[in-house]
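Next up, some structures in structure tokens.
Shared between the two complexes below is subunit A, which pairs with subunit B and subunit C, respectively.
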Partner chain A sequence: MSNIIFLYLISGLYYAAYLFLVAAGLTIIFGLARVVNLAHGALYAIGAYVAAWLMGLISKQIPPPLWYIIIIIAGAAGAAFVGIIIEPLLLRRVYGRLEEFQLLLTFAILLIIEDLELMIWGPYPLAFKEPYHYLGAVSIGGGLMYPLYGFVVIAMGWLIALFLWFFMTKTKLGIIIRSAAANKEVTAAIGHNVKSIYTKTFILGATLAGIGGAIVMPSATAQLGLGIDILVFAFAVVVIGGLGSLKGALVGSLIVGMTRVVGIAYFPEIELALIWLIAVIVLVFRPLGLWGRE
Partner chain B sequence: MPETFSNPKEVPPEARSKLSRRELLGIIGGLVVGGAIGAAATYVAAPKEVVKEVAKTVTVPGPTVTVPGPTVTVPGPTVTVTPGARPVPTTPLKIGCQTFMKGGNAPLGVPLYEGLVAAAEEINKAGGILGRKVEVIVRDEAGTDETVKEYKRLVLEDKIDLYIGLISSANTPAVAPHAEELKCLSLFIDGCTDVVFDVVDRNPVYVFRNHFQSPDGLINNFQLMRLYKRKTGKLPTRFAYIHPDYGYGRLVHAHARYATDKVMPENVNAYEAFVKFPGTTDFSAYITKMLEVKPDVVLSSEWGGDFKAFYKQALGYGYFKAIPVFISTLSHGTYPEFLETDYPEGIGAGVHANYWFEYPLLDQNPVNKYFVDSYFAKWKRYPNFEAEGAWTMLWAFKGAVEEIYAKIKGGWPETEEIVPILERWAMVCPAGVWQIRKDNHNGYKDAISGVSINDPKLGFNKLTDPYYIRVDKISAPPRWQLEVFDPKGPHPTATADWIFRTWKKGELPDGVTL
Partner chain C sequence: MISRKGLISIIRKYPIYTLIIIILLTLPIYAPSFFVIQIAYGLIFGITGLAFNLLLGYTGLLSFGHAGFFAFGAYMMSLPIRHTGIVHTLEVYLAFAFITSAALGALLGLICARRTRIFFSILNLSFGLIIYSFFLKFWGFTGGADGTHVPTPPLLGMKFAVDKEYWMTHIYYYYILAAFFICLAIFWVIVNSNFGKTLQAIRDNEIRAQFTGIRIYRYRHIAYIISVAFTGLAGCLWAPLNGHTAPEIAWWTYSGDIVMLTILGGYQYFIGPVIGGLVFNVFKIYTIGYTVYWMLLLGIILLILIFFIPRGLVGLGISIYNRLTHKKGSSKG
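Coming up: the complex of A and B.
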């Protein structure tokens, strides 16, 4: 029985790991630009598509250990590239405007990116299996197995969480981003290029989403509509954890990941409802989420 | 390949048909007409309705005039037509098609379009339908509201002559009432839920469908029992289920549960889950739960991109070794190349109870051989059941038009004249003998399931060891949905109702062996 509980636990951690990457990107962008970016799911999907496409092209030509690095770089680069284009060209124009404009624009971007995915990669799901199968599985007792690649994803989530904490609290750029999020006028007044900070922050958020999409690909498929599903859960995370809070994104991801596992195991018909029930309870008692701020 | 021609391209030239493409088309035409004649003969032998000599009102440009003329009848229902009043139009015959052209559903949807285009091109090369070329206008199938909107646009704006398409069981019940209202002959290929003709459109006129769902859940449920019995010498008792959360998954589950509760009243439903579809990427919690409850067998109806994610993850958990028998009703229903060779061997292989391109054996069914060869030549891959369904439907339509044309001796038939011909249509199609039943407009062909095996030559996982059940043994008898089944009653479909009322507890139904 304890083996099964352990399996549930790591299943929850696995889901929380890549969900955190997406939610962290969403929350970082909102924290600074105050834009609820519906296109964020599309950036996750771009990461997935680019990784799947590139691995399909070169996986047989490169040694297996490189696969895992290529996946991350490909996903990050693909989403960052899209971020570089859409932030200055489109999103910048709706900063500070009504939420309706922002939602409409980011939803339009989501749809445009989906159609571009269709144009570039065709109608069928893309998949690559080598990195998932290559690492094999480990016995966890009681005749149960767990794929080692799952541990890679979990480790990646925690490492990136650690990196983000370090980046935001210990590096100059991170401190400037936090400063701009608190007061962009003062940040500009002391000589920082706020536009550039916005762009860099957006690219960081996009990169996180892209990595999230890429690292899940060895065990899934890149298909149109991929970004919508994850977005629903990522929003639940930021509602629970608080928009703009990285700590909130981390704890929110763990809550959502674990709740989902419990829901699937014992209340499969209301798995999603359970997650949103928690979100509603948090909203009632802490309208800004667990670590949200005005 | 000794018995089965897995890859028609690999069949040695001396073993391949010496017939030319034109001759093969002739064979198909012959089989179509032969099948129709056979069916007609059956109906001729049956008691017929009294045919009355009537005049028919024909609308022509200008004033409406009544043209007297001789009455021509076809076996079965009364059809009254007037010769010579309606010349065959010189414009192409426009076929509107809706299918999933992108996304997680595209592995089913695109082959439908390809099968339809393949048939259209073959028909055009052979001179069209009564000389009319065929044109296909394709629109993406989407959510229900949008699909209905596009359907109406095809009928009202594009003014299509015929509609062929639909994949989703969410869409066919929504489109059917509009098809009846707009009087557009609509030949659904999939969207197989029994609900369409059992509940929504109980007296169909303009809507037909290539196949329906209940045999799918039932044969694959029996295949689970059969494979488990083969493996352990006894029947399974613990069942688990994982299905996509929409009409198709829900109904596969319902039919399987009705059957299992009858055949094995002591069975245990260890776990059932309905997963968001499409777009679920993480199945780890579902897999863990199934490993926890230790079922003897698992029935699934996951398919496409989601199914690929499921089985990849399941492999990592050692799932297919831990679960004695697993089957997905649609694992092999997408285009055949979709399942790669990492797919586990020796587990159940479902094709929607419908068609796998190697069966009927290519050397035993020239129609199937022709279809597979020509489809492969055109699209560079093998057809699935959606491709076969669309191809068959268009050829059936052509046959029906030509049959009624021959009877009226000139003139393009009206839809109302084609309908009675289709209502008793039978032909040999690539999947074998296929016939439409008049009372519910569903196409019937025997159900098939199988076992998975990797084929290194083909480079993908395929269905082998076919298991057939006669379709009439696992679906409600004629008129049950009208005379016995209560659509507002407790059972979701006529077949579920029929199982509940007639199958004996603890016994396999007549015609089913494990």
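Coming up: the complex of A and C.
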């Protein structure tokens, strides 16, 4: 029994790891620009697609240990590239406009990216499963095995969480981002280019989503609709944790990841509903989520 | 009753609307069946848009979950039929869907009527997704991803011995048109009543409205109930036209469609969502038929709307009309 619980725990941590990557980007962007990015899941999908596509091209030429690094770099670069295009070109124009236009704009970007994926990579799922199989599985007791790659994803999630904490509290850029989120005018007045901070923050968020998509890809596939599906869970995370809070994104992704595992195991009919019921309950008592700020 | 003189003056004053009404009334005579059916869908989306816009345009609340309420209304027709095997006249289901949707709105409104802005949007998104997952996962009860068949119901207690295409294009089309005009009239009364004006006051300045003694949460709650009830009603009208209800219509991207058609028509105008519903549906169907990249095209049109015509098609029409009449005046003077 105890090893089953251990299995649930690991599975929950696994979901939580990549959900955190998506939700963290969503929450960082919202924290500064106050825009809820409906296209954020599409950046996650871009990460998965670029990684799968690049590995399909060059995986034969490079030694297996390098795969893991290249997957992450490819996913991050792909999503960052899209971020560099859409923030200055589109998103910047709607800061401060009515929310319905902000949401509609990111919805439009989502639709466009979905079809660009179809145009570039075709209607069939892209897969590159070798990194997943290469590491094999480890025994977790009681005759149960768990793929080692799952632990890699979990470790990546925690590493990036640690990096984000360090970045936001200890580095200069992180502190400037936080100050711009707190007060845009004063940050501009003390001589920082707020426009470029917005762009950098968006690229950071996009990169996190891209890494999330890239590291999940070997255990799944890159396919159409991926960006729309993941967003549903990432939203639940930021609603529970509170929009704009990294701590909230971390705790929220753990709650959603664990709920999902328990839900699938014991209440498969209401798995998704269970997650959102928790979100609604949190909102009833804490309208801005656990760590949300107005 | 309106006198003949009054009617003529109305026609002179609103030539475009008169033309649209005449086209809608005579459409099945000359238009191909496919187009008539698409207009019928468009009218239903027009009702949905009116209900949605009571929140967005008049109360200032953007819901990203109305597809869930639309699907809820549709299932309120398909589920009773699935489980009893008896097909009553459609009005029974319309009444049932309206009442249950209102009850749903009353319940959910307890949670979300106190929230505004992005929190209201996301709460409604979550309600929509809970409804979606309920219809998807309880497959024994709802038919799961396959959905549930909806047979052709009697209308006003009458069964029609005609084939399905004729029924849809000639009989049910006029039924929907009548329902559409009734809803249009009801919403016209609502937004021009004291209640509607109060909603707009709350939208424009919540704090000032509160100071004048308005119980803003109660007003928002009632607006929310009306909106959900009529969205459910539209869903129930949609079910026999579609002949099938599946959970995918509750998925949040369809809520995006509802937001989009409302903005397309122009959410600052009463008639905006109606024009938006008609244009959006026809446009979407023909682009899907024409290209696989219809989402790309929709996205680009959405960008154009956001950046160049934020007041929608109705706003665009009005400004073009004003410019034309202004030019005429200036050339004379």
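As a working rule, the second predicted complex is superposed on the first by the 294 of 294 C-alpha atoms of A that agree within 3 Å, B and C clash if a C-alpha of one lies under 4 Å from a C-alpha of the other, contacts with A are read in each partner's own complex, and residues count from 1 in each chain.
Just so we're on the same page, a contact is a pair of C-beta atoms (placed from the backbone, for glycine too) under 8 Å apart; a residue touches a chain by one contact, two chains touch by 3 or more.
Only a predicted model underlies this, so the values are computations on that prediction, with no experimental measurement involved.
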**OP:** Using the touch definition from the top, say if A:109 reaches subunit B (first), subunit C (second), both or neither.
**Re:** second
Original post:
Of the partners subunit B and subunit C, which touch A:243 in the superposed model: first, second, both, neither?
Top reply: second
Subject >> Partner chain(s) touched by A:44 [first = subunit B, second = subunit C, both, neither] >> reply: neither
Original post:
Once the shared chain is lined up, is A:118 touching subunit B (first), subunit C (second), both, or neither of them?
Top reply: both
Original post:
Where does A:269 make contact in the superposed view: on subunit B (first), on subunit C (second), on both, or on neither?
Top reply: both
Original post:
Touching A:20 in the superposition: subunit B (first), subunit C (second), both, neither?
Top reply: neither
Original post:
In the superposed arrangement, which partner chain does A:99 touch: subunit B (first), subunit C (second), both, or neither?
Top reply: second
**OP:** Kindly classify A:235 by the partners it touches after superposition: subunit B alone (first), subunit C alone (second), both, or neither?
**Re:** second
Original post:
Which subunit A residues lie in the overlap of the subunit B contact set and the subunit C contact set?
Top reply: 118, 228, 268-269, 272
Original post:
Of all residues in subunit A, which touch subunit C in the complex?
Top reply: 36, 38, 90, 93-94, 99-101, 103-105, 107-112, 114-116, 118-119, 228, 232, 235-236, 239, 243, 268-273, 276-277, 279-280, 283-284, 287-288
Subject >> Of all residues in subunit B, those that touch subunit A in their complex >> reply: 101-104, 106-107, 109-110, 271-274, 276, 278-282, 284-286, 288-289, 291-292, 304-306, 308-309, 312-313, 315-318, 322, 338, 340, 342
**OP:** Flag every residue of subunit A that touches subunit B in the complex, lowest number first.
**Re:** 4, 7-8, 11-12, 14-15, 118, 123-125, 127, 129, 132-133, 137, 143-147, 149-150, 216, 218-221, 223-226, 228-230, 260-261, 264-265, 268-269, 272
Original post:
Hey, which residues of subunit C end up touching subunit A in the complex?
Top reply: 56, 62, 64, 111, 114-115, 117-119, 121-123, 125-127, 129-130, 132-134, 137-138, 252-253, 256, 259-260, 263, 267, 292-296, 298-300, 302-303, 305-307, 310
